[in-house]
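Below: the structure, in structure tokens.
Letters A, B, C, D and E mark the chains in the order given here, with residues in each chain numbered from 1 onward.
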Amino acid sequence: MKVAYFPGCTLKTKAKELDRYARKCAEILDVSLEEVEDWQCCGGVFTTSRDEVATKLSSVRALSAAKKNNNVLVTVCSACHNVIKQTNYAMQNDAEFAQRVNNYLGKGEEYDGTTEILHYLELLRDKVGYDNVAKKVINSLAGKKVAAYYGCLLLRPNSVMHTDDPENPTIMEDLIRALGAEPVIYSERNECCGGYITLENPEFSALRSHKVTESAYNSGADLIVTACPLCKYNLEKNGSPIPVVYFTELMAEAFGVKEDANA
Amino acid sequence: MQKITRENLINKAIELLDNGTVSRVLGWKIGEFAYDVTPAVFTTKEDLQKDFIFDDFCNANFSKYLIAETRKAEEKVLVFLKPCDTYSFNQLLTEHRFSREKVYAVGIPCEGMLDIGKIKALAGEGIIDVIPGEGSITVKNLYEEEKTLAYGDVLTERCLSCKSKKHVVYDELMGEEGDVIDSNRFDEVEKIEKMSADERFAFWQSQLSKCIRCNACRDICPACTCEKCVFDNPKSSVNNKAISDSFEEKMFHIIRAFHVAGRCTDCGECSRVCPQGIPLHLLNRKFIKDINSFYGDYQAGQEEGSRAPLINYTFDDLEPGEAVGRGV
Amino acid sequence: MSINSEYKPKIVAFCCNWCSYAGADLAGSNRLAYPENVKIIRVPCSCRVNPMFILRAFQRGADGVILCGCHPGDCHYTSGNYYTRRRMALLFSMLEYLGIEKERTRVEWVSAAEGAKFAATMNDFTQTVAALGENKRLEDLRCKR
Amino acid sequence: MHNKNDNVRSEIIRRSGVNPVKCMRCGKCTATCPAFDTMEYHPHQFVYMVESGDIEPLMNSNSLYQCLTCFACVDRCPRGVEPAKLVEAVRLEVIRKQGANHMKPDSIPAMVEEDLPQQAIVSALRKYHK
Amino acid sequence: MQRIGVFVCWCGSNIAGTVDVKAVAEALRSEPGVVFSTDYQYMCSQAGQEIIKEAIKEHKLTGVVVCSCSPRMHEATFRKTAQAAGLNPYMVEIANIREQCSWIHKDMETGTQKAIILGRAAVAKVNLNAPLIPGQTPVTKRALVIGGGIAGIQTALDIAEAGFPVDIVEKKPTIGGKMAQIDKTFPTLDCAACILTPKMVDVAQNENIRIFSYSEVQEVKGFVGNFNVKIKKKARFVKEDVCTGCGICTEKCPQKKVPNEFNLGMDNRRAVYIPFAQAVPKVATIDADYCTMLKTGKCGLCAKVCTAGAIDYTQKDEIIEEQYGAIVAATGFNPISLDKFDEYAYNQSKDVITSLEFERLTNAAGPTAGKLLRPSDGKHPHTIVFVQCVGSRCAACADKGKEYCSKICCMYTAKHAMLTRDKYPDTDVYVFYIDVRTPGKNFDEFYRRAVEEYGVHYIKGMVGKVSPQGDKLMVQASDLLANKQLHIEADLVVLAAAIEPDKSARSIATMLTASMDTNDFFTEAHPKLRPVESPTAGVFLSGTCQGPKDIPETVSQASAAAAKVIGLLAKDKLTSNPCVAHADELMCNGCSSCANVCPYGAISYIDKEFRMPNRTTAIRRVASVNPAVCQGCGACTVACPSGAMDLNGFESAQIIAEVDAICR
């Protein structure tokens, strides 16, 4: 299976593990991730206003570029995923917006909204299948209690994202199970870590992050997994009592391709 | 892609006759001229081999013929359906006009049929043969002249704005399946919509005043399958075959279009058979376009059993007053 | 209010028995005048009105045709006027497409309590049609006296 | 009161695509908001005040910059009102004015920590700066 | 050719004031078909009617046109007059020259001219009138009630009381419905069982009532007065007439791990069970999904202990066919699934429950024997949070909640809160509300008592999230009046889930050809004036299948439906309006367009043999209108492309004749 792949800025710098292991695991699962040529930053956050056009062009270009690869664009960073998916939704459902975007794009570059945008987790669940993921496990993670941390961007707004039930998601828990570990359900897993507020008001994001890590810890987790570099940063910086890793790292560990010491 | 030929179809028909699947074959028969193809019912191998034809003039949509044909005998009848014909086929099934069990439908691909009117206009009269080639046709006439015409220039109007190469129903498909096409079929309707009221009136007046009320449009139409047409029925108070100066023919065509609204599959047969060259399909397409924009996309015949828009409603449909004056 | 100009358009009004015909009666009971050009034909429900009737009226020289029924949701037969709404939307759009003045046809929902609305509607419709002048585009010349 | 700021009001409604009239004032948005404690005006107040045209106070409030854009209010609203989009639309009304940026690029280096993913910087800039 | 008489009424000066009646009579005399024309001061008076009768006889009239007031006023009068003179009443037409002419025009000339045209149109129509004879159909004097909840019970009892036999079909093993699960009723706080179970016993003992429990309606054919219904009696593997309901089998059955649906799965029952002590019929039922004997052929313990010998493992489903004159839908409601509302953690914590589960937890016959204990650990909860409008008034997306107000939640929540505070004064009770809706006798007083006397904390605001933490539930909510966000550490959270029609309602509506709204509630024939009748003749509505309602409202509607049924069954024959549609079989295409638009399901199709050219025949599908069901709207006549469908009394040709007469 060949799909277009949008890594995003952070994955090239601060979140290299997320990217590296996403690629390694994909290889094992026989998925070819074709990195979009000359991709640009997704914008980091989706501006919901209909008259914000220029800030969404880079996402549209990435979507358009996926045409070469089965019209499927895969992301792994939750933030990139959210921005690109919401942009795609606007292109499909807001004709006025779509027209304005296409006016910006060059002739022949117009984008019609037909690309399917998948998060890496959705790729695993819907295209690869968790059964097939389980088959590749070499080091079972049995005995590990893992708390999945979704945050906001992977799930909301649900009317656009449709990743899973936004209040009781299972997409990460099912992966954890497929890898042999035991998922821990805790109530703060879909609440915000504070996000970019950390820049201006670090105390507030510390408060949010505490709530999340405490909730996971009190539910008996040994480890938190996430798909978002900013979530990971916030949780770690604010003193998580348990390690926080990317879900791709957990997978790599189970697949036996994790490099020691780095994590 | 394997091209479907006359031989393929004859062989298929003979096979189905021989193994008892069907007792009759609805097919095309050669007429006086090469381009003059008429529908016919074949019952024997010999007849098929002698008269059955399949070429670029096999326009006729057989769906309508099945109503009468299936009533004639208990055994199945074989019918060859182009993609556009399958929509009519489905629509008639939706309306219970014939029994599905009595038909064996074979889908055949279609690359578009030719318009002899256009050929004559380009190549002159006296045509004796039309030979298909790659992307063009060669026309031979009585005077032993030959002329090569581009395919695109001689396709029928309806094929130029073909909506689908996909068969929506069949028992067996010959050749490869095509796709629904994103067609430009509403462009002409839009053009008329954009005219002023006076221009529109003048346009239709000039077109419809050509009508000689021959009823060919009605008789060919696969949606006009009424046991008795209101225009032939003295009790309807609108029966009238004569035409008059200004309105009679409009009444006929409006009512006819209204009667098939939501049921018309846009097969284009009405315009094809009109001896006066009236673009009657533009009336039907107007209804289709309106239905799509008022009530959501609907394609009659796409799905057997679907509920036509005129026998359906929602609580928040648009008001008749909102239906008019839309950007005109 | 009545139209005092010489030209008096012919108006045919189809009214459903349960709402609009009763609304017209109420207008009468309250002595709310509307032009005599308006002649009402009673039908059980607006959905009884066949597009053919409307074309027939035009053909025979009507200058305007108005169809009145219960408000959507209030149909005596629960759903009749919903069908009317679709049929007339398509018919009117088609007439407009053929170049016929869109003001000559109208659908109005008038309840049994809306006598005043009935009269006002008829006054307005008559004025609108009168302003258009005679219905030349739809009339069958043979039927003229 | 309803006519004051009518232009701003309709501009905000158009830009956000939110129809505040749909709000039935249940307060679930405010109940669910993780940034409640740092906000002067809460999500339900944004909806109500935009609806009634009382937008000045919102534009002058720091609450505009406390919304996390976590979309919890959007997802949990029983009427589909989408308060977060209104907050964004009001914020744009402010920061699109010349010199009204809430965060300036030169002030960023002081805030940045070694490990901070640039995602945070880009996002904040997108939210606070035009 | 008709022989038409025209009668122009003066209506005193009401008409004659602005219409020259003599001129009208004179002008209409020369219309085609008119053989007699006259005028009179008051046509509707005794003397006026005599003039019409005499003219009918003397001039051998075949049709009558009365130019008078609105037909809505005196059409019936003049039809009776004609009938008395031996003329078919449907040969009379009225020209409305009062309301639609004399009263709105001031000028004699104008009024007279218009009256002549209106009269002309009426004459043109009568020329095409045909005598119509109302159809008559016999009535089967038996009613069917679908659903055995309080609505069905009340309807059945009232019908039976009037002397007509009634059958109740209930899909569960016992009648009683939701009310049997409820503990107390608002606003009086009577015990639900104490007022319901005597009624259930009445049903069981009433000679006119048969109960088909554990049964479902499978097929409905026919029409008003003559329904033919197939009822599937599901195998319960217990002979109903032999079982004494002693309950010994339900104590001895070794299969103990069956979720007890009566207690909403909060405890277990056996594979053979009687839902509750007061069940009617009090007969055991074997649950084939769990019974070891039925699944593996090994066990048979219940048969061994049954002294009556009622157990029958070989029992099969049975189909019963019965005729009915009227059918009442009383299919009831259920709380919606809360899967899509997991911000309240219903799927994540046992201590987040629905209000109906709360009823069972406080019911003496419930899983905790009436003690309010937490499902998770059996401890007494000290802080309880009630959340209103969970899924009600929810318009965000179609697959989530319901856009309507469920109507009963405000009151039962007040009841729950009040009862909790009454029994356990040490418990803190919070109710989060959007609005408190209490229209009803003594309802608002009841709610205020909960606040003022029982100290329930009512907070205007909504809960945003419930987070299970340890053995507590952290409730995050808004207090809109204080403009605060609250964080309450609760022990139990009770969700007032929206209610929706029972899932079986749609298939039953389809069988009955009764219409439903987008929420699957049955629609009524008229929302104000015919609230307990379905638009489909002979089908009546009882209880929550028509819309959310509480018990008193349900019972009054149930009795109203019964009154309608009794009115129908009391007739020996049904006379139907003859102005109905009819299909010309020769022209009918059998395309189903007419049946698709018919709001009453009056049209069916038959295969009929027709002569074809050359002495052949062909079978065609043609429409057939049931005149007893058709209401005469005419929707089908326009849907019909061939014009095969026409409407008596309003034939296309008649309407066209009127159009022509007006436009002449």
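We take it that a residue touches a chain if its C-beta (ideal position, glycine included) is under 8 Å from a C-beta of that chain, and two chains touch if they have at least 3 such contacts.
As the structure is a computational prediction, the values presented were derived from the model and not from experiment.
For the remaining chains after leaving out chain E, touch-based grouping gives A, D | B, C.
Path length between chain B and chain D in the touching-chain graph (shortest route): 2. The set of chains touching chain A and also touching chain E is given as D. At the centre of the protein atoms shown, by the Cα-centroid criterion, sits E.
On a Cα centroid basis, the chain most remote from chain A in this structure is C. Interface comparison, D-E versus B-C: the pair with the greater number of contacting C-beta pairs is B-C.
In terms of the distance between Cα centroids, chain D is separated most widely from B. Centres computed as Cα averages put chain C at a distance of 35 Å from chain E. The distance from the centre of chain A to the centre of chain B, with each centre set as the mean of the Cα atoms, comes to 52 Å. Look at where the CA atoms of chain B average out and do the same for chain E: the two points lie 46 Å apart. In chain C, 51-52, 56, 79, 83, 87 are the positions where the chain touches two or more neighbouring chains simultaneously. Counting partners per residue, chain D has 72 as the residues that reach two or more other chains.
Each of the following residues of chain A touches two or more other chains: 159, 191. Here, these are the chain pairs in contact: A-D, A-E, B-C, B-E, C-E, D-E.
Contact residues of chain B toward chain E in the complex are 71-72, 94-97, 225-230, 233, 235-238, 259-260, 263, 307-308, 310-312, 315. Interface of chain C with chain E (complex): residues 10, 12, 17, 21-22, 24-25, 27-29, 31-34, 36, 39-45, 47-53, 56-57, 60-62, 76-80, 83, 87, 119, 143, 145. Contacts from chain D toward chain A in the complex involve residues 14-17, 34-35, 38, 65-66, 68-72, 74-75, 82, 84-85, 88-89, 92, 103, 108, 111-113, 115-128. Contact residues of chain E toward chain C in the complex are 70-72, 96, 98-101, 103-106, 110-111, 113-114, 117-118, 121, 515, 523, 525-526, 535, 579, 597, 599, 631-635, 637-639, 647, 650, 652, 655-656, 658-660, 662-664. Those residues of chain E whose C-beta lies close enough to touch chain B in the complex are 518, 586-593, 596-597, 605, 612, 616, 618-621, 639, 641-644, 652-653, 656-657.
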